[in-house]
Amino acid sequence: MRRSVLVTLLLTLCAGTASAENVATPIPIGIGVAQTSNVALLGEEEVVGAKIAEKYFNAHGGINGTPFKLVFQDTGGDEAGAINSFQNLINRDKVVGIVGPTLSQQAFSADPIANRAKVPVIGPSNTAKGVPQIGEYVGRVSAPVAIVAPNAVKQALKEHPGIKKVAVLYAQNDAFNTSESGTFQETVKKMGLQIATLQKFQTTDTDFTSQVTAVLGAHVDLAIVSGLSADGGNLVKQLRQLGYKGPIIGGNGLNTVNIFPVCGQYCDGILIAQAYSPSADPKNAINAAMADDYRAKYKKEPPQFTAQTFTAVQVFVEALKKVEAVTKKKITQQDLGKVREELNKQIRTGSYMTPLGKISLDQEGEIHQENFYVAKIKMDPNGKTGKYVYVK
Amino acid sequence: MKVLLDAERLCRNFGGLKAVNNVTFQVVEGEIFGLIGPNGAGKTTLFNLMTGLTPVSSGTLSYQGERLTGLPPHRIAEKGIGRTFQNIRLFKGLSALDNIKVAQHVRTSSGLWGGFFCTPSSRAEEKRVDEKAWELLKLIGLADRAGELAENFSYGDQRRLEIGRALALDPRVLLLDEPAAGMNSAEKRALTEFIRAIREQFKLTVLLIEHHVPLVMNLCDRIAVLNFGELIAVGNPAEVQKDPAVIEAYLGAE
Amino acid sequence: MTLAQFLQNLLNGISIGSVYAIFALGYTLVFSILGIINFAHGAVFTLGAYFTYTLAVGQFGINGLLSGLNLDLKVPFALSLLIGAILAGLVGVLLERLAFKPLRTRGADSLLALVSSLGVALVIVNAIQYLVGAEIYTFPSQVYGDIKPAMMFEVSGQPVVIRTVQVIIFAVCMVILSILGYLISFTRLGKALQAVAENPTTASLLGISVDKIILATFFMSGFLGGLAGTLVGTSFGIAGPYFGVTYGLKGLAVIVLGGLGSIPGAVMGGIVIGLAEAFVPPDYSAYKEAVAFAFLFIVLLVRPQGLLGRTHIQKV
Amino acid sequence: MDDFLQNNGFLIVTLVQQSLLAMSLYYPLMAGQLSLASPGFYALGGYVAAIIGTAEYFAPWRDSLGWVVFPLEWLAAGIISAVLALLVGIPALRLRGIYLALATIAFVEILRVICLNLEITGGAIGIFGVPQLFDSRWNYIWTFGPLLILMLFFSYRLDRSRVGRAFKAIREDELAADAMGINPTRYKVLAFVIGAVLAGVVGAMSAPFLNTWNARQGTFDASIAYLAYVLIGGSRSMWGPLLGGTLLAALPEILRPLKDSRLIINGLVLVFASIYMPQGIAGALGNIRSFTVRKLGFGGGEK
């Protein structure tokens, strides 16, 4: 008796879930980023971007009148957490696509899961080489460093044509900064400049006096810093405090308002190549809308990860509209599996006008971004707040 | 009469303290050899030197002509010297049965592989171990409580179990450190008989440390007296009892 | 290595080493009394920094439950530092009551204390994130008043730099160490503490309330941890709820190097490891993280009781 | 049922994997040695598999061997772990109690920093695109599952064998065990090596399972997590690591609906479990059993 009940239960369970089913209303889009662990520092910026996008696009009619909702699943800081989060989004929350994960290492682990399940993924912040190549369902809106970084060096040369000797400093224990610094070094050499000193540090470092004295001793005309906000900010601060007066280029890790509290007044003048600028293009309405919303709520300039996550959601929203246009049927009346497949195709067609400017994704899922920006940090007199001023 | 154990000028210093000083004696096969002396005379230290738990400072100890000094405790145990401890050191969290099985370690050889695959030889060995353990438990009268944890036994039972465990080594020499401590006189009488019986049954040579003088006098074939780490007398009970140095040591001490 | 570089490394090493020392003291005090390692110490360190920040600045960011809150208490920094450390000390007391005492009274396996203190650490770190998010908080640079951020002098033509923060940190650490040294060597509390560390049973026979001493120890431990957290926080910013974890781990190396439970040992261990890290050649800076642990490993193999620890003779 | 596995397959395999790692801590603990080295060997094993699976140098091997390369990876990881465990274990196991634990923590950290900096281990980003043994995550149960069963069987036999008794005797009283003819160093090292080999093999199985491998796989946090598994599960029973590993590894996933506060609750559970179940879950279950036995009048051990 009891066994038969169990069997029936199991059967209904299987039958209920295994059969083909339609996309739910509102349309679920998954956000799998780090909301806990020490990666949450980055993940929190992404959550904010996603939430602004949800509000913005739903207020603008959602997907041709059908609202969508974001489903958040925490990836934590590790690979297993990322896989669990993705599997929950795919199987339990039945999302049409996923924005995430935060780290490239997590992407290498979790993206293949989505790829096999044929669920499109857009990475908001995976900049490592090889991420779009994980599979045909994997794309990203975060331009790889090799494309973004050189712009800052060009700008520095334009401002200070006399630059000859360069100091390169980078956080050696961080995947992103190691590869970014490689790009910087190549660029410097290509431009005929000399790397007078190459200094390494750790993201956990707090005292940089030995690196700074080495830089001062080498009498360089330019310092290039690849680090994350805490260590990079401290390094810049100590460079200035100890008397370095030349220009400083910061890597993408410094491209966040998080460094303002760290280096304070000493942040002033750092040149940063950006994939995103809140103020570069005043004609970009969607960027202005996003930035305004962010500023109204948080009283500061939106960071790049926020904009990139916003963009990733936007790509899904617009591609979903295209899916409806192509299939001539409401998304919510279509089979989930088919929508995912079609959505993946549509993501890779056409271009999007986003806070990042005009972008498109190629067949591999790699982003092609029209504009890159170079910004200079301008600190307010109080030394606490500041902004990224667009210079190119 | 064959000399089994030969201690020559054994010394052990702890810092400046000479816990055992120039002790020389011999133990003959088959005898029950008593070691007495006031508290702190160095009796337990001597046992520890003999079983390798404490390294000697100088001097040698040999067993059947083989040098024991410098060997680690398990090598000495392997040669056939078993012991009990003054403050019982059973494997408290193991059952009585397992306590005895453990001590058959050196007489068995099965390794990880044999244990895992239950090879015929290891199965046969395990059966022998089991049988012998039960036999010994019966001998010490604890067979009906074989599965209980050692820590749950009463003091006297723990002492008996510890002797049982030492016997499981198949020793030729048995070192008993105050086996009668904490026992009443009936138990002490029983213990005396028990020690005599196992000597016969297992062809043992027994060394024992004991405070209770009547028991020692009654049980031992020969007695050595230690005082302040030095050996002051060796001989049969009657001789030792009359020895002026011994009398002085005891009167001076107590 | 030039003389200037040598001096520079020496300065850096002593400064960071003194923080390690203060932090590690908190570990070692608890170990000397209870013989256990309090894995939540790194979290208390973090908490101390956040307490001080709340008092001295009190502006919260865009994440967590308290986002957007601006307390603006503007408590003077020196006072905030003190109160922050006291609050961290109280957390230490709470920690003892909740996570350690029930285990102790039960006579449970001391390893379980590791697990329960780990649980507490998990709670603290995630509660911080829940409340104020994972973002970086920093003290305004004028926190120590209007003083020059750094001083530079030249030794045979090369620059040597002293950051003001380094000097302040070192000074505060020395003051605290002297006070602690006085407390332990010359007061009744200190004597009682030593007695309990030596043998709790005897101490209680002497009429010392072991329970109170344990509480006092946890208070001091939390106080020192919280203080170290604030000092590091003012110098480099509070880099999220996890920023104490590295220190927590490194602190283990420090106390073992000095000898578990030894108070002068913890100070010396802190300075030695601070110096060792400072003197890692720049080319090998990638291995700097491993220096403390290499020390730990080697010391354990060569002299397990640590540099200033005592050997324990096991009685058979 | 397929759908259930789709949803939870990865999690279930993860639970098995974590239980196995807990077990790798259990063997040294059985011999009384608190070793937290498992994450180090786990990381090492994973690197061995990831390197064999991706490095150019091994390409001809992979082509000619096909799937056979996977068991070879496990074997290689096991052997390399064993060798390293011997090198580390022989000097380190002279230490007792918390000192050994600290030495093994140091070992894990040193290994982590080295892996972070070597070219062969992929530096900070690690190794990605590790070749897959199966398509679906759930199918990895066919590697981890049998290993778990094998290890449970191993534990069962060990518990009743000469070697297992030697382990337990050392745990109870190392000195007395020595005096009873057991060579403590030898068996301590043996227990350590068994744990290391297991962790190494689990690592080698995990690299394909996680698709990628990097230096964040073997960390101090993991050491403590495994210790929590064993202690909360019950360190004196072969079922302890399985119970603890399964329940504690599942906990953050079970608490997923709590979102932001899930790890706070997770921490509280650790505190309460260690306070209210000092003998672990297995111990608590055992107590219930022995209680009923006493009630029925079989026990005679009470004083």
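Order as written gives the chain letters A, B, C and D; numbering starts at 1 within each chain.
Just so it is clear, a contact is a pair of C-beta atoms (placed from the backbone, for glycine too) under 8 Å apart; a residue touches a chain by one contact, two chains touch by 3 or more.
This one's a predicted model, so the numbers in the text were calculated from it and none came from an experiment.
**Q** Farthest from subunit A in C-alpha centre terms, which chain would that be?
**A** Looking at centroid distances, B is the chain farthest away.
**Q** Contact counts by the stated rule: is the higher one at A-D or B-D?
**A** It is B-D, judged by the count of C-beta pairs in contact.
**Q** Taking each chain's centre as the average of its Cα atoms, which is closest to the average over all protein Cα atoms shown?
**A** D
**Q** Could you put a whole-Å number on the gap between the CA centroids of subunit A and subunit B?
**A** 74
**Q** Quick one: report the Å distance separating subunit B from subunit C, using the average Cα coordinate of each chain.
**A** Averaging C-alpha atoms per chain gives centres 51 Å apart.
**Q** If you average the Cα atoms of subunit A and of subunit D to get two centres, how far apart are those centres in Å?
**A** 35
**Q** Based only on mean CA positions, could you tell me how far subunit B sits from subunit D in angstrom?
**A** 41
**Q** Two-or-more-chain contact residues of subunit B, please, as numbers and ranges.
**A** As it turns out, subunit B has residues touching two or more other chains at 53, 85.
**Q** Give me the residues of subunit C that touch two or more other chains.
**A** Residues 126, 129, 286, 289, 316 of subunit C each touch two or more of the other chains.
**Q** Which subunit D residues reach two or more other chains?
**A** 116-117, 175, 260, 263
**Q** Tell me, which parts of subunit D touch subunit A in their complex?
**A** These residues of subunit D touch subunit A: 1-4, 6-11, 14, 116-117, 123-126, 128-129, 132, 135-137, 210-212, 214, 216-217, 252-253, 256, 259-260, 262-263.
**Q** In their shared complex, at which residues does subunit D touch subunit C?
**A** 34, 91-92, 94-95, 98-99, 102-103, 105-107, 109-110, 113-114, 116-117, 175, 220, 224, 227-228, 231-232, 235, 260-261, 263-264, 266-271, 273-275, 278
**Q** Would you pull the subunit D residues touching subunit B in the complex into a rising list?
**A** Listed in rising order, the residues are 153-154, 157-158, 160-166, 168-169, 171-173, 175-184, 190, 194, 236, 299-303.
**Q** Can you list the residues on subunit C that touch subunit A in the complex?
**A** Its residues touching subunit A are 4-5, 8-9, 11-12, 15-16, 61-63, 68, 126, 129, 133-138, 140-141, 149-150, 152, 158-161, 163, 166, 232, 235-237, 239-243, 245-246, 278, 282-283, 285-286, 288-289.
**Q** Over in the complex, which subunit B residues touch subunit D? Could you list them?
**A** That would be residues 51-53, 72-74, 77-78, 82-83, 85, 89-94, 98, 101-103, 105-106, 108, 110-112, 114-116, 118, 122, 125-126, 129, 144-145, 148-149, 152-154, 165-166, 169 of subunit B.
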